[in-house]
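Here come two complexes built around chain A, the first alongside chain B, the second alongside chain C.
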Partner chain A sequence: MNKALRNPITYALFLLPALILFVMFFIYPTITAVYYSFTNWDGVSSTMKFIGFKNYTKALGDEAFWKSVLNNGYFIFFSCFIQVPLIILFSLLIANVKKLRGFYKTAVFMPSVMSTAVIGILWSFIYQPEIGLMNQVLGIFGIDPIYWLSEQKYAMWAILITNAWQWTGFYVVMVLAAILAIPKDLEEAASIDGATGVQRAFKITLPLIMPIVSVVIMLSIAGAMKAADIVLVMTKGGPAGSTDVMATYMIRYAITNFKYGFGNTIAVLIFIFTAIITLVYQLVLARRSERIEY
Partner chain B sequence: MMRNWKSSINHIILLAYMLVILYPFLFVIFSSLKADNVTIASNPFGFPTEFYWDNYVNAWVNAKISTYFWNSLYIALLCAVVSIFIGAMASFAITRMRYAKLSLFFFGLITVGMLIPNNSLMLPIYLLIRKMGILNTHMALIVPYIANAIPFTVIILAAFMRSLPGEIEEAAVVDGLRAPGIFARVVLPLTVPALVTVFIINFLGNWNEYLLANYFLSEDALRTLPVGMVGFRDAYQTNYAQMSAGIVFSVVPVMVIYAVLQEQIIEGLTAGGVKG
Partner chain C sequence: MKKSLTLLLTLIFVASAALTGCGSNNTETQANGSDKGTETKTEEPKKAEPFELKLRHTQVGDAKKNRFAILEEVVKTTQGENEGLTIKLDGVESDINRKEKLRGEMAAGDIPDIFDVFGSPDAKLYAGQGKMLDLTPILDELGIKDKFTGLGPFTLDGKVYGLPIGASAEGVFYNKEYFTAKGFKVPTTWAEWEKLLADVKADGKTPLAGASKAAWVPLMVTNQLWSRTAGPEFAKGFATGDAKWTDPTMVKAFAKHKEWVDKGYFKKGELGFEYAELQTQFVSGEAAMMFDGTWQSSIFKAGGIGEKMIGKVGFFNVPAIDGGQGDQTAMMQDTNNGYGFSAKVAEDPRKLAAVKSFIKNLYTEDMQIRGLVEDGVLPAMLVDKAKIDANVTDPLMKEIATVLAGTTSSFPAFDALVQADVNTTLSIEIQKLIGGQTTPEKLAEAVQKVQDEANGQ
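What follows is the complex of A and B.
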């Protein structure tokens, strides 16, 4: 019995392909990112110098970098305080209807299977000032055309709305599954005790779905820190860097401006910031929502 | 009576939400059938009065959709197949072979991969691809796509294989099968539901990937659909009717897959919590 499943050569052969790829594309890049972040290498020439923390002080002293950090912050803020309440509302509503439930689920999830690049193109068209859908709709209410993607004060909003449009449904389906998994007798008991629909939602359903809401927030934060393609496709970080996020800032320096070492410094900073935010969130908030068993 | 009234309010709010989700698609479909920007501007919401199919022909030719489409399709398929195969072998070794401590370590290591924000590894991976001499070939996408899918694939498949009862191997061993035989003839067939889910998720991820595809390939004929579409948008920015037809072309295949495999897609994506 044990002999067949305890053969070191077979074990190694089965595990090696995955491990080699993993080391090549996860471990090795992580190490080299840290290594090059302390150099002034331009990515092509044969010479480079170790310059200590100079890249780090340069990044942390650059206003444009902090602008990009702030924009990642907007992504997180928008997800947690605007998207999450809407996600909970919509999933409660869908859970409470019987007719059309399947249709709602299918429709809301659809944008999340599509390419972010194509969605960026689609929404650039919607935001197009003269013929785009957005200004046409606003025009009905007598609002003058807004230059969504070319004006600094609107561009970030335009991207955040597009991002929310793409991902809200994904999380609605996650939360919906959690709501539908709550045993019916809990609701019925509350109903017999005279609790109204709103009371049941706040006192029974909501506390029971907190673990999954916490997962939704975690995933939103991870997604916010990774955001890049939507920005590249819709605004390329412009106008004047006003929609840059850390990832697009990194790409701009490393690939377009041949500052490979500095680019890696930004990569390491993205790592560190992501780790800090995740840790803070886990310590401060997630602890309250432990696993629930019925 | 009261109940009916309440559920109507629910439906009204939800239908408004549906309108926000679905109308952009309708807007693009309508626009793709209109003659030009002027027609779109004069009748933005409605159905086109005259169908203008030329946009589809022009978009297909100008956007080189056929080239991008096949590039995307074969890369996405190949990588999805290879990564589930490699992932399944690793998961088998980790969950079914008798090296508990070592397996626990390797599984932990691979799980860490899920926590690394993979965008930020783009620069070192670019360098690695250049050193391997495969920059600007399709291998520049194929190898990283396979590698990137491994943590997710192993986590899902290992969870599934772990849940299989131990008796199945005992029977197989009695029948004289060795580890590779147990893997190929017993465990793999039983894992098919999970394999299908992981395959779809990996396929969609590769099909939609933009960042690496944009920076690792510079030759137009090699491009994948998302990158090709952005290039097309930049080149024909003023012709929105044609651009809409291009969007329709690139969205339809995913819509068809989604219509057929909806259940597995939703289950897989929400289980893994992978985004984009």
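What follows is the complex of A and C.
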């Protein structure tokens, strides 16, 4: 057995199926995407022309494209600086309740099992300017009705809030699992030493769950870069393209315009941007959170 | 070392288990399939081998349920005529099908056998690349080639690639009950029209329903406006470079649209509402009028969402604008939406025969009359006027027919005349105009820029 495994051919043979699948479904499409991104293919005809970097200069010179990049940026910013602290807060709260923990866990997890289409429609009702819940509640405090999905300045917020609502529960369950895995004696020792609840949360729990939080941030960034469904369901990128993210920009200006070459260019750009951001994150932040062993 | 070895072994085990799983599964289904095949063959040797046609339609939602019923009936008849045939229905919302789904499928080559398609520019582009079935021989064989009112949008180099399912026109639906109660009259001049809008607004009602999340909805209004200010023929010159979006008469139309938005003539917050809300606003009585297509008349039938308004809805054409160009009675009328067929159908004689009988069953005088009577879809085929008069009892349909008879010319919707990129840019720009982020002049310039690029390609 050991002898067989030392033979490199055996390794290669076992790796082959996975490699074939990987090449077929990842490497090959990626290469063709890069290839088409240099053409003016319209998606229908059998002929196309190489146009060099024209698609790239067009995309990078388009104000609307940068607006969509910025919107992806908002997604990232919102998830890292607003969503993640909330996730940690909720996890800490749920971890420390004595009664009905299961109920809270299920309740916060609920939105993540619903489909985005359902959530989009549900929240469209909540944001409905005249009879929607959101404006009803704000009305109690004397705030005039806000046209959430109709006005450019609110539409992006509306989407970000909905998106956060959808995914918070999923991450809470992840972080919660990490908190509950921390041995009880650490907390007990700290409380015997006189640490308050807040001190224990910041000095004991938080440092110990950093690796999971780091994963949560990582997943949020990846999710933010490829966000599209929630935008499509809620605003279709409108009003006037103000909520377009890169993926919906691609649909609007490539697929509906019969410009597949250009669409592939956008796809390649999304890939490059995502790679850069995750790389930076890995280098700057993720390395710092060390592995923890109890 | 030991740990990693175990890990590796587990991985290999899982991978091979998964792969073997896939493998055996496949063979099993294949075996089953062939088993069944031979079984049927031995038991009933005469029974035709089953085959399938995929039909993409856009008859989804309440407003289209009558149309769907007609389609289902045709499908049933066609299946009866072709032994072994199963037609698989695949319903997709019209705008999504047109702009995303079908375009993606055309690119991937995975085209439904029968599909809902817009004639110009869509079908012409697909046909030019050999993706669509040439229907000319089928039409000749069935003898219905001369029965259509207009096959222009589906014709390329003298060959017909699609068949319009119905015709449509766009105009103003109004709440008769409200008009009577307030003493308002259908406007006959531009001054009366604008006064009416102002009066309704002053009365505390929304004059025109608004739902501009999808930009083609407000663009129906803009298109009608520029057909008055610049003339019904003007838009035909954009793609050839003979006409410019920046023409003062065009800018005048955009400015008028903007003026109406600013005066609050459209429902507030229109940019956030789906198209379906246009009808809701009108039916609920919130809006006194709605600018929409005749295809919406079906909601004012028994069982439709506008059921309680039966007999209380009227229809009129936008009056002539002072100083306007061209025929001032022109209405948007076209036969741009219908069915097309995949070129691959021709490779299989049975599929071709099935398509032939589908066309034979769907495109008949009776079906056209049914579409008109049950659903308010104007005929796309020549139908005996006496038959129409005998069948149409619905007052709204009669009113629409009268309005249409009163027009002396028509124009196709602009999206059938310009390139897709121009449509996309205009869609963004009109929403910006409504949202107050651009001016009529800037809008015109932005669209013209894309028009120039598109013409240059």
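As a convention for this text, the second predicted complex is superposed on the first by the 269 of 294 C-alpha atoms of A that agree within 3 Å, B and C clash if a C-alpha of one lies under 4 Å from a C-alpha of the other, contacts with A are read in each partner's own complex, and residues count from 1 in each chain.
One rule holds in what follows: a residue touches a chain if its C-beta (ideal position, glycine included) is under 8 Å from a C-beta of that chain, and two chains touch if they have at least 3 such contacts.
Because the structure is predicted, anything quoted here is derived from the model rather than measured.
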item: Simultaneous placement of chain C and chain B on chain A, clash or fit; value: clash
item: Chain B versus chain C as contact partner of A:P239, first or second or both or neither; value: second
item: Contacts of A:I255 with chain B and chain C, given as first, second, both or neither; value: both
item: More chain A residues in contact [chain B versus chain C]; value: B
item: Touched partner set for A:S45, first chain B, second chain C, both or neither; value: second
item: Touching partner for A:P129 - first (chain B), second (chain C), both, neither; value: second
item: Contacts of A:A18 with chain B and chain C, given as first, second, both or neither; value: both
item: First (chain B), second (chain C), both or neither touched by A:E151; value: second
item: Which of chain B and chain C A:F90 touches, first, second, both or neither; value: first
item: Clash with chain C, by chain B stretch, listed 38-46, 74-82 or 92-100; value: 92-100
item: Set intersection of chain A contacts, chain C complex versus chain B complex; value: 5, 14, 17-18, 43, 251, 255, 260
item: Complex contacts: residues of chain C adjacent to chain A; value: 5, 8, 12, 15-16, 19, 99-100, 103-104, 106-107, 125-126, 128-129, 131, 212-215, 268-273, 420-421, 423-424, 428-429, 431-432, 434-435, 437
item: Chain B residues touching chain A - in the complex, by the definition given at the top; value: 6-7, 10-11, 13-14, 17-18, 20-24, 27-28, 31, 37, 40-41, 44-45, 86-87, 89-90, 92-94, 96-99, 106, 109-110, 112-113, 116-128, 143-144, 146-148, 150-151, 154, 169-170, 173, 177-180, 182-183, 204, 207-208, 210-211, 214-215, 225-227, 229-230, 233, 240, 243-244, 247, 250-251, 254-255, 257-258, 262, 265-266, 269-270, 273, 275-276
item: Parts of chain A lying in touch with chain C, wherever the complex brings them together; value: 5, 14, 17-18, 42-46, 64, 127, 129, 147-152, 155, 235-236, 238-241, 251-253, 255-260
item: Residues on chain A engaged by chain B in the complex (per definition of touch); value: 1-2, 4-7, 10-11, 14-15, 17-19, 21-22, 24-26, 28-30, 32-33, 36, 43, 90, 93-94, 96-97, 99-100, 104-118, 120-126, 128, 130-131, 133, 136, 165, 167, 169-170, 173-174, 177, 197, 215, 219, 222-223, 225-226, 228-229, 232-233, 247, 250-251, 254-255, 260, 263-264, 266-268, 270-271, 274
